[in-house]
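Shared between the two complexes below is subunit A, which has subunit B as its partner in the first and subunit C in the second.
Up next, the complex of A and B:
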């Protein structure tokens, strides 16, 4: 009867997942990957913000249009028709959505978020590529396997990376929001922070499937660098392949481009701007899609991790 | 902690120190070479014109000298502390790393005091020094003891 008791005691446990996640999050900074991710995410996030804010500040310094200050200038430029059309093109949406992003909400923050969402899938890979691959290579997981089940390790590491990512994203967004509120001073505080919170949730939900994808790839490969390279390649190449597929269908098979919106919806990338959509139904659908991708990748990863030699 | 047990983050920090230190050294050398070349080619005319331009922009000779000295000191501290991280040394790693962080903050404050602007570029420039200051005194405090 001893093995049965042992199996029951060592089955999937939320407590074990929590312990491994907290340890993994605390340990993230001690590992090179966590440090690099923090540095890359902060630099990319603030550089994207700087991309929009610095030119406005420089224009004001040069006694720009009609002596406007940065706040007035940002509203005048970012709420113009030209920017509106650019947003429609980037987000592949209609004028109602661009109006929601640029007029109903702080336009400067919307512009920063639109570009930041493009960078998130790639930056996330830098923080999540080494969830298990390094320990698989060093055979370090064998010590953990004496105390807990494989599923707890896999999910614990995933949750740990997720928590670390959330902390990094919150830190970056906090700096941007504080800067926009106190230095630019273009928008009412309540509007800015509410929209910032929605942007934060969008970044969080977009990073979820990519962390899960990295968890899957990481448990398949024995080398952390290989895992990083494959994660980045999948994140980038899948888009190139889908773009070529769409182009082929349009040019060779004369398919209506409007009817091919589904092509990019087969990957998380295609849902990212729906996370900032004005309609709650669209937003919730996008969140469900992200959760669906996450569960799918986690299922595939867990299945592989349970079978592989550790 | 024994030298063989150096955490990956500390190695990454050392590599970043060498990269930033090297880039900083290249920048300083390029600036000195450029100033020397301009001075030689124009017989001192362009250099004095540039000096007048900088004075008009509020960047006096003393301020320029302080900026160059701070850059050289930062560059040296980056490389010395990088070696210290690798060897897990207390003074060479933790102290020099902390000094680099403090020096970067002082440099930014001096620039602000001299009428410089505080924008996102300055915040981005402070990411690494602040991160270094925090990490060598918290996360890697127990690793830099040799």
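Up next, the complex of A and C:
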């Protein structure tokens, strides 16, 4: 006979979700896991920023005191036609979009965000992989199971990681913006910070479905390390599969590449540049897609968490 | 009166292994109920299902009339000391207890007060700020026990609360358990038969996933009494017949020519008289025992039921 199953839509309590989220954040910091994630996120963000700023500074040094300063050099290089074409290729968009990114908004920050968004899914996994797997293995969840519904535990842990990710993203963006503002000094403060805020929301919304994916995987596995490995594998492997699929369709079946744009829209990563699009309609569609992926992964995770033995 | 815990046709299978097989059981309210069984009998599985950790394959458990699948309806009324559950290693014990209290429905201040009181109850107020992994096994067990006594639970499951503890810590825990039985139902699993006999008023013996015997301690312990006798020389058939003929002897089982078990039908009141009669009979045949083991009734009954040696041997 099949084990008894419970419905996915179990009763849940906002208060309990809040308590579990709050303590989850606190304990993550205390145990070092949270600090580690914060450091990783900061390191990745600053590394990406320095990818662009450091060469500029070297060029300025080479140019000497009579040459262009960092601000002038960054505008000259980043707003050039060559870079515009590169941005069009990376974002798979048109000249209007590259103009929006490089001329209508601080180009240096746009360049940083374009690369940062590529890394976000993998970086997020390092903070979200152990939402429940470690406590399932140590059976520590049992003390919570006695006091609250499974849904509250699952959602509480998700919200805790989400809040921590928001803090990490804000911290990272703050450092990058301060770095760009004071080190480069190429852009008016208002423009830089406004664009920085939009970039922050793009990074946040891209993280969201990956936190939910990690919540699902974490509740399926009893080992944190296994959970991390699978989260990274799925985040990356799915992209590799889709690239192969697209390549196969183009080379073997001679399908028009432009008609295959939808392939990457089947994963959250495929929407990353739409989150920075010039058109509000495209941005909102991308946000809705991220929320859709998030809800889908949470549904699958919650269903599994409710059924499994703990 | 409604039973505190009602188990109905409970079955749990792990792949091909049947951990519980159609268990039916009722635990009376305000009782201190001992759950006995060899390793692998199904005690922890039963507790885990009652607490909602595991899902049953078939059947159900009700606590205070509520199905345990609806744990939110039992919030604050059901507590448990799980066997192997670990606290978060690097987090101070008091913070984890405060979180549990807040989930029980208390506000911040009340939760802190309840957590501190619980630690005092188990005699460990000084470990409040210590991380869980800094505590010894005995301390950790007492902290785990104190989380079971947070709030005002009416039914408490204690899964081998004294396992792995030194005699002093085991004694402290037994004393704590006895102190809290007044208006609560405590279900207590253990390998220590003497411990169960000392503190429980009801007992259930589980073996190979099935209830073998259940009832009050009095009914179980008064029904039989076992005496194991080892002789210097072989027991003659005349002596065996004489022992069998004693009114207090229910049966005699020869385990070897120099060793035998006597099953007596004697209560605690006339046990001494029974032993006198046996010694007298043996002396009449000039048979003097090398050793006499007067098995405690519960242990004797347990051995009889499970057919195992009493060392926590696996249920096979």
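We adopt the following convention: the second predicted complex is superposed on the first by the 295 of 310 C-alpha atoms of A that agree within 3 Å, B and C clash if a C-alpha of one lies under 4 Å from a C-alpha of the other, contacts with A are read in each partner's own complex, and residues count from 1 in each chain.
In this section, a residue touches a chain if its C-beta (ideal position, glycine included) is under 8 Å from a C-beta of that chain, and two chains touch if they have at least 3 such contacts.
Here the structure is a predicted model, which means the values were calculated and not measured.
Peer 1: After superposition on the shared chain, which partner residues are touched by A:71: those of subunit B (first), subunit C (second), both, or neither?
Peer 2: neither
Peer 1: On the A-aligned overlay, A:163 touches which partner chain: subunit B = first, subunit C = second, or both, or neither?
Peer 2: neither
Peer 1: Give one of first, second, both or neither to describe whether A:138 is in contact with subunit B, with subunit C, with both, or with none.
Peer 2: In the superposition, A:138 contacts subunit C only.
Peer 1: When the two structures are laid over each other on chain A, which of subunit B and subunit C touches more residues of subunit A?
Peer 2: C
Peer 1: Taking the superposition as given, does A:229 touch the first partner, subunit B, the second, subunit C, both, or neither?
Peer 2: Touch status of A:229: no partner.
Peer 1: So in the superposed three-chain picture, is A:30 touching just subunit B, just subunit C, both, or none of them (first/second/both/neither)?
Peer 2: In the superposition, A:30 touches subunit B and subunit C alike.
Peer 1: With the two structures laid over each other on chain A, which partner does A:175 touch: subunit B (first), subunit C (second), both, or neither?
Peer 2: The answer is first: A:175 touches subunit B but not subunit C.
Peer 1: Under the stated touch criterion, which partner chain does A:57 make contact with: subunit B (first), subunit C (second), both, or neither?
Peer 2: first
Peer 1: Output check: A:239 vs subunit B and subunit C. Expected answer is one of first, second, both, neither. What do you get?
Peer 2: In the superposed model, A:239 contacts neither subunit B nor subunit C.
Peer 1: Contacts for A:250 in the overlay, against subunit B (first) and subunit C (second): which applies, first, second, both or neither?
Peer 2: In the superposed model, A:250 contacts neither subunit B nor subunit C.
Peer 1: Just to be sure I follow: which residues of subunit A are touched by subunit B in one complex and then by subunit C in the other one?
Peer 2: Common to the two interfaces on subunit A: residues 30-32.
Peer 1: What part of subunit C is in contact with subunit A in the complex they form?
Peer 2: 48, 51-58, 69, 71-72, 75, 78-80, 82, 84-91, 95-96, 99-100, 102-104, 147
Peer 1: Name, in rising order, each residue of subunit A that touches subunit C in their complex.
Peer 2: Listed in rising order, the residues of subunit A that touch subunit C are 1, 3-6, 11, 13, 16, 19-20, 23, 26-27, 30-32, 135, 138-149, 307, 309-310.
Peer 1: In the complex of these two chains, what residues of subunit B are touching subunit A?
Peer 2: Per the stated touch rule, the residues are 7-13, 16, 117-121, 123-124, 127-128, 131, 135, 139-140.
Peer 1: Considering only the defined contacts, which subunit A positions touch subunit B in the complex?
Peer 2: Touching subunit B from subunit A are residues 29-36, 38-39, 42-43, 46-47, 49-50, 53-54, 57, 61, 175, 179, 183.
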